[in-house]
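In structure tokens below, several structures.
First subunit A sits with subunit B, and in the next complex the same chain sits with subunit C.
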Partner chain A sequence: MNVVAHRNYTSAIAVGRATMDVGIVPLLLLVVVAAMALVEPHFYSTGNILNMVRSASFLAVVACGQALVLIAGGFDLSVGAVIALASVLAAKTMAWIGVAYPDEPGLAIAAGVLAAMASGAGVGLVNGFCVAKLRISGFVATIGTMSVTLGIALILTNGIPVYGLPGSFVQQFGRATWLGLPSTIYAALGAIALLVFVQRRTLLGRYIHAIGGNPEAAIVSGVSVFRYQTSTYVLSGVFAALTGLLLTAQVGSGQASLGGDRMMLQSIAAAVIGGVSLRGGVGRLEIVTLASLFLTVLTNALNLLRIDSRLQPVLLGVILVVAVALDELSRRNSALDSHEPT
Partner chain B sequence: MSIRNEPLLSLRGISKRFPGVKALDGVDLEVRAGELHVLFGENGAGKSTLINVIAGTFAPDEGEFYFLGEPIHDLHPHRARMIGISPVFQEFSLVPSLTVEQNLFLGREMVSYGMINKRAMRQMAQKLIADLGFDLDLHRRVGELSRAHQQMAEIAKSLLGEVKLLILDEPTASLTERETGRLYELIATLKAQGVGIIYVSHRMREIRALADRITVLRDGKLVKTTDAAATSDSELIELMTGRKIDVLFPTIIHQPSGVAVDIENLSVRGNRVNGVNFQARSGEITGIAGLVGCGKSELVRAIYGLEPIRDGTIRLNDAPYGCPSPHISIQKGVAYFPADRVAEGLALSRPIRENASMAALELESFSRLGVLNLAGESARIQQIMNQLKLRPPRIESAVGGLSGGNRQKVMLGRALTREFSIFLFDEPTVGIDVGAKLEVYNFIAGLVENGAAVVVVSSELPEVLALSNRLYVMHHGRIVAELQDDQKTEQNVLASFFKDSSMPTDTVQ
Partner chain C sequence: MTATNLPELTVQPSATLGKQLQLFVLPIATTALLFGFALVDSRVVSPGNLINILQQTSYLSVFAVAQTIVLITRGLDLALGPTVSMVSVGAALAMTQFLDPSTTSISILLVGLLIGVGLGWLVGLFNGFVVAILRVNPFIATLGSYNIALGIATTLSGGRPVQNVPDVFTNVFYSGSFLGVPAAILFAVVIWVGLHLMLNRTIFGRSLYLIGTNVRAASVAGIPTRRVLMLAYLLCSSLSAIGALMLTARTGSGEPNLGGSLSLQALAAALVGGVSLTGGTGSVGAALLGSVFVTILSNGMNLVQLNGNIQLIVLGTIVIFGVTLDQYRTRHK
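Right, the complex of A and B next:
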């Protein structure tokens, strides 16, 4: 095969692969966006668009962390609770340092950010230890840590929002806009870009795929399953905590009601709709990000169309199951097609 | 005793094809009432396909099937049971969370007026267990039972109802001596009642004790049906293994130099390897032969760090190697190729490129500071796969769609991604076709000629005889023979297998 022909051949494969990998999410997104143009002009107001993009980017940060855990063959139900604990801890720490050192808002912010991140990493480490060392199923281990984490957040606050955040944290970061966009979006997009880089270009990302693809083969290849499986839970925890921080900055107080079950369920839904296989090994964070945008836009559209909010979870559930069923079907078909005789 | 001599089961010209394999090729089989008929052959000879055809699991592609003189078409498992064909497979058909009694009647519960008639079922089950003389508690959950008791439950299940033909697939594999005795008595009773029995076993002693006739299969074909009394053990083994030479083994030039792997008194946890002394030298292939389960796989897995070591020392190139782990083994230049490529070798959903580079990613040519060099990786893997003549040469295809031979090439590709000097092959050609086998042999030959130390573990005797320069034979976790030069013959290997064939766990595979 000559070089030119070979190039054409590989680029044709690359195009084929790209359309196959992206799946139906962009199409769904386009359909919703186009349909809203016809029925609800308010959908296109700047305020609404910025609102959607911000919510979607927060969800995407959590969903990308979740997706890494799923790709490695795990499950993280604790992300919603981590958001709550990170919010509460960050607010408490900032308020406390703010009282002790009223002239040092930077110190208070730094300490609050650190406390939030440490709580996320801590929960992730516990999850990783339970799953990778004690061999508890990810589902059970993270249900446990979810309950504990949320409990701690509630104990710390008695359910009352924590105020007393440094003004600069809320005004100059949480509610500020830079170049016309809410500043928190930049932080979220930065986090997503980092995770995409980790997945595509680092050893960690490759080993996550390998472990999810076949843990025994990863062991035989000399990959430390404990180290990398734990890393996925730590990443998921840390990025959930980051989302908690961004939400705290936006609302201006620390609340144990942030995140919660809804965020957890949506993060799994976004990952799965975004093509992450619950069997592990397969999934791309760019698509998960798009799926997060799709879910947020869809929720927003349903709200604008004044669809009963009690009906929305029903729709979400149906979409989730249909997405997974389509994924299974296409996988089965392609497995049949590509099988060469032995 | 009323043994009727007309055939109970009669198969003529049965063929069964699977994608790429002709599992059965024109096989005839006749089982008489009151006869115990042994099916004998190597793994892959077609024994299990044949009993699955008889049990209705697989429909044959060609051939005639008569049961009690009636032609049978479109058999399925349920119908097979209805007409009195009752199989006991090695894979149990029991639900662990149900009790023994519930399992016995699963799918054929006794019902009166739409209600399950527990009392009638209990009486029937108790009578059956008492008749069989099994020490089996009907109310225990199957999952709580030992494997031996599960085996009894499985046999009891197969005998519930009227049985005319019983199929037993290595039924004594997990039974103790005493339980085996019980089973023999049961078999005698069933034979006296005119039940025909098809019995799959590799154990010579058992075959001697039970068989009336023996049918030997090889490569999906009928070799011979013979009277057990008129055939000696060695004749049977010859019938089983005397295959035509279907692979030309390459001529390998062995030039042994220093000892690369030196093992002293090695035992692994669970004693699958028990006090083994073993050496592999650079520049030669060291073979390890033995029956399935003799510990030969565990020995190489222990060297690589996949089997917890209880006792003994390993030295690699004269340096002690304390607690082996795959990661350190790779760094020390040890490559391991698992027998089960699907379970342990490959991530099927990932592309060839990622699978092939997996063991070398930490090297500088593949990554720096944890960041991958994707272009370098692609180029290197493409080059390696071209060298191994992967067809088609698409390194971005998922490994799951590849044939066995191509999957093994992906594994071999790993060996070329970094510097290895010691290669441990566990069943290197299992499940791959003849042409690909030859390529694997040539690959191994190339390694040795470049001065590497190669260990080949294989259950396929001709392969390990032809490839190795020195050959160890393992049995029950121990090395029982070390053969070289003209001592290295099939007869000598088989002789060392059967030296203590009184042991009940002997299997020829």
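Right, the complex of A and C next:
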């Protein structure tokens, strides 16, 4: 009898653990999707669904990079500025090579993509250097690089959009649909799958969790904190640059106004709502991707319901705080249940 | 009653070379900066511009010391800027839309002050509740209230400035003066002195430092940590609200964009001044020095007509440089 009761108890814990792992995000997403079915049929039009998934993939790519940095115990406020710089650099490079070699759009595109990725990796390296070598907190270091990066993007453009992208980059990639889905989705899914693989199956992923979970233990175990912390910032920079490229391809011009504070704040919100702990060591990128989808769907739903766009930040703020407070509460309760020292 | 009767509670550490360096690096850098700009353009050190710098500093310093209070507890307030916007819009609306013209000037002032500071309190209560009671990380808590306050500010105003702020309000908070000292400087000095005394001479002030250094030790020592934390966020938002009223009086309208980048500017000023993000350290003096430095830097860059985008790059570099220096100092103390 006792044994059965105990089994029930442990299985209840297992169920509790599982819901805690996945969090409330899938549930929230279901609620919004179901509620919209009742209220607004336009929500389910093909155009709207494709639109939502496309916007979500922009956010998800940045948020997953951000999540890696957060899991390692850092912060990356520079992602919005990196999106702007990557967009501007890619467009400038493509336009420049496009003029020099008008017959080779492939070359122009490759050079542009390379320039964007290099700028993301460069900013990531500077962030990593400041955090891991100079020991500045990630928050301050990336505030600094955010300002510098945005300044460079603005100087390069003077605030004017950069045109002259190869037509194939915009028509056959940015605005194209492959097998009925926007091309950006494939790019985003590929990138996210790569990151999930890195997080789950590689030494780098293990070390990122180790550093975020307990930096001192990681150092004592001989993990090179400099190398792996810097890797997270570089990955975050490169993924932000990828979003910059995807956005540039869709918009059709390079703009320093892409990304910005809004994308930066939303990437942190998506990561945190997706269960990434700001104390480091905890987080799953699949859930972060779902959380990005949730935030995008929610914004879309609010727009369709004609709720004043000025009021929408209020809701985002409330959801952010409630999601994190619930997470905090459940963690405290489960810690009490299992008598773990906190 | 007299200060001389108080027993000497704190042991003064002997001033080491590092400590002295810490005291002088920033003032020297600030002076060097001022004269550097003066070489390029002599208008930088004209009496008119010096007074101008002093006035600009008094605004920024109010926000920097507000930020410092929560930084000492190992927190931060990202919502400071949007709070300023919300207070500005709310107070201006209250004074212009909801009062009939026959109201006496005293009650106009009272309404502006009450609504303004009241709105600040609301944000402070929210932040304090979420951080101290719900134990949410201060970054997320105030990122939440950042969005909420921003949404309210733009919704209330419809995105447009609220014009026709009453003269009596502008007189008291901006153009008036007492014994020849402009109102803004007067308000700022009162806040500096009051906060300095509070941080150093009251149990509440000292508790802030202990909480920032070690929360567990603080609660074991019998400090009501939740209440003190709540009060810290309340105080930070109230000061931001007063700063917002001062700024509103200067522009003469309630501006939904008034707070724009103020959260980060106030944070940058405090950090450059040597207040630490890891809690337990910070003072009014440090926040003040940082504010003077940032103000002179941006004032000088404007006067020598440096491109605004290059100014962004310089500010970012300075923040990283200032904090690296601070890191170096604390490691070699």
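Basically, the second predicted complex is superposed on the first by the 321 of 342 C-alpha atoms of A that agree within 3 Å, B and C clash if a C-alpha of one lies under 4 Å from a C-alpha of the other, contacts with A are read in each partner's own complex, and residues count from 1 in each chain.
One rule holds in what follows: contacts are C-beta pairs under 8 Å (C-beta built on N, C-alpha and C of every residue); 3 or more make two chains touch, one makes a residue touch a chain.
Since we're looking at a predicted model, the values are computed, not measured.
Legend: residue contacts after superposition of the two complexes on their common chain; A:270 is shown touching neither subunit B nor subunit C. Touch counts on subunit A: comparing subunit C and subunit B, the chain ahead is C. In the superposition on chain A, no contact is made by A:116 with either subunit B or subunit C.
Contacts of A:203 after superposition: subunit B is touched, whereas subunit C is not reached.
Using the contact criterion defined above for the overlaid structures, shared-chain residue A:132 touches neither subunit B nor subunit C, since it reaches no partner. In the superposition on chain A, the residues of subunit A contacting both subunit B and subunit C are 279. Put simply, subunit A touches subunit B in their complex at residues 10, 13-14, 17, 201-207, 209-210, 212-214, 216-224, 277, 279, 281-282, 335, 338-342. By the touch criterion stated above, subunit C contacts subunit A in their complex at residues 130, 134-137, 139-141, 143-148, 150-152, 154-155, 158-159, 264, 267-268, 271, 277-278, 307, 309-313, 315-317, 319-320, 323-324, 327, 331.
Looking at the complex, you find that subunit A touches subunit C at residues 75, 130, 134-137, 139-141, 143-152, 154-155, 265, 268-269, 272, 278-279, 308, 310-318, 320-321, 324-325, 328-329, 332. Subunit B contributes residues 19-21, 304, 306, 325-331, 336, 338, 343-350, 354-355, 358-359, 361-362, 367, 370-372, 374, 394, 396-398, 400-406, 414, 431-433 to its touches with subunit A in the complex.
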